[in-house]
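Two complexes come next, and they have one chain in common, subunit A, joined by subunit B in the first and subunit C in the second.
Right, the complex of A and B next:
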């Protein structure tokens, strides 16, 4: 069989539909995962040892088990206990939970990177804990964690391909179907790789913009440093 | 006015785990007084200072700042009475400056007035500029702290604390992290402040500052106040052997 990319022309609506679903699943579960990571991080950093243990256990279990197994558990074992979800919902939920554990740890590393003295200064000036967080901790931690967040986001987009195994009609699923009809492994997988790569490049570019916003103050200092 | 109370501490205890670092401190400081606290490391002097704005929560005792109770807890009592953080009457200057690196010098100074006092921005900037001029750093207002020398950062930190118009200024070893040639600028600002009648409590290793600027010097050791008095008494006529030993270990020779 000769390599012939023109077959993709016949199937591009299916590919686009898959791409659309991948974007939809990723966009929602990345945002939800980043949000869910906040309370998980708060549990993990709680002053109470019991609460901290709960947070730590959640993170350990979610990080310590394969994403594929988590997806299977929810999709195949869930219904046995009355938890029946559409493949799509199952995909969003598992990806959200999976991401949240990593996001929580990234947030924690960010919070801990800010010197304690910066917060003591805020407290000594009468700022509340909330003000100290939003004004002092948050802007400083963001400068540090955005590269880590980007890695995690890109990783999750790639991880979403696993959802094809439970019949979520996303990009990889669409590709597998096309192969089933055409046996054009090479062309279709190249097309899939290319589409994921474009998606992640766009995502990384977006994150770069975001990072530039938070690291402005560092860059300005670096440029004017007298060596 | 010289006799109104600035700080009144009674029976102050502080434990870190099992270790008792403050063993029942009693302290009375009047408004307008400049008090130097000296003593070896681990004597509890910084902890005492940090209790005065509740950066450390005492284990037991009473702290009054002017006419208000800041903290009160008797032995065995479950919950201490604390005042709200926004009502602090103290400003603090730290050994490590602790300026916020993501903000410019000016932003550092106006932050608390804007957020805590809800001062109008124009007024806050005006006030900040006056304070920066006072510490000799107005021309650095738009720079980020990392750009400044340690001595300059510490002077900004003093301006930042003053921007909240504190009644009492707390200094926690303000010159210990500085290169020797930068110490002078910071001490000059502190001297000016003392000259204006500011009530100041200064934990310091600068014996010369304690000797020349303080109205009273307190010597602490092992969580207790061992001796206190005028600089002259402390540095020349010290009573306790512990203080004599401490002074002989420092290179400073007071009053020639």
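Right, the complex of A and C next:
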């Protein structure tokens, strides 16, 4: 069999549509996962040992099992208990749950990276706990966690390819359908690889800019040291 | 609703599948370890001809979903006309994936070695290979035990994807049992539990090592796995 990439020209609208769905799924589960990660991080960092254990168990179960198994559990076991979801919804939900455990741990590492003294100082200046968080902890932890959040986002995009196994119409699934028509396995998978690579590289580049925005104050501080 | 009989009856089959999962992952991690050392040596060689391909390779592996990498290798191999058992293809794909990540760990580890150590070794007339084996690798390895164990967890989780090219590992075994029993609840939960137990065991090992290491170095260990 010879390799011929020209057949892809006939199918690029299908690939672009798949790419669009991949982006849509990842963007929604990024937002939902980051939101869900907040209460889970709060559970994980709670003062009560029981609550902490619940948070930690959730994180360990999600991080200790393959994403593919989680997808199968929701997609094949869920309907037996009345949880009938469209493939798309199932994809977004599993990816959200998957991401939330990682986001919770990222938030925790961010909060823990801020020296306790900063928080004590803020509290002794009469700031409320909320103020101390939004003005002292949050800006400092953002600088640290943005690279981790970016990595996680790239991770979500990569995991989303697995959703093709439960017929979610994303990029990989679009590729599989093209293969069904053309039997050009190698060419299509190379094209998919390139598309994912471009998407992830773009995301990483965007995130670098975002990080630069949040670490600006650090550079300013450095300069003021010299003055 | 949850039938324990099914679980008990098919547990030996699942454990058999888990053995293959563990075997493929262990083989992949060892291959990737060797590949990672090679790649990291190319990366720090200072020669552009060696550096650029490694950078492109690492970027490709990190930017592309594992499932696509697996398919590219699977169909690539059949395109060349080589006949290989699917478990070996799965193991190779896992190894090629992990080698890229491991090479980055090694590179970071190599770069963290104080240059004085290397100069001292050279002053003692050690050859380049001796320096690599006796100075660099032990130092890097001591530091890398936790991330490498973590990498093993990642490989184990990725190995579930290998079931798609019909390697009868843990997940695939579970699916086969489901087609005969139609008890997806019990079987999928068992499959998830087995993965979880293996991975929690590994996480525990990382924490033990960290605690022990913190005794050596006087630094605090802590749970970061």
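The rule is simple: the second predicted complex is superposed on the first by the 219 of 227 C-alpha atoms of A that agree within 3 Å, B and C clash if a C-alpha of one lies under 4 Å from a C-alpha of the other, contacts with A are read in each partner's own complex, and residues count from 1 in each chain.
Following the convention adopted for this analysis, contacts are C-beta pairs under 8 Å (C-beta built on N, C-alpha and C of every residue); 3 or more make two chains touch, one makes a residue touch a chain.
None of the values given here were measured: they were computed from a predicted structure.
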Touching partner for A:94 - first (subunit B), second (subunit C), both, neither: neither
Most subunit A residues touched (candidates subunit B, subunit C): C
Partner chain(s) touched by A:136 [first = subunit B, second = subunit C, both, neither]: first
Which superposed partner A:76 touches (first subunit B, second subunit C, both, neither): second
First (subunit B), second (subunit C), both or neither touched by A:126: first
Which superposed partner A:60 touches (first subunit B, second subunit C, both, neither): second
Subunit C-touching residues of subunit A, taken from the complex the two chains share: 1, 3, 60-61, 63-70, 72-73, 76-77, 80, 109, 154, 157-162, 164-165, 172, 185-186, 189-190, 192-193, 196-197, 200-201
Touch list for subunit A against partner subunit B, complex: 115, 117-118, 120-128, 131, 135-136, 139-140, 143, 217, 220-221, 224-225
Residues on subunit C engaged by subunit A in the complex (per definition of touch): 59-60, 62-69, 71-72, 75-76, 79, 153, 156-161, 163-164, 171, 178, 184-185, 188-189, 191-192, 195-196, 199-200, 203, 224
Complex contacts: residues of subunit B adjacent to subunit A: 53, 55, 85-88, 90-92, 94, 96, 98-103, 111-112, 115-116, 144, 146-147, 157, 160-161, 164, 170
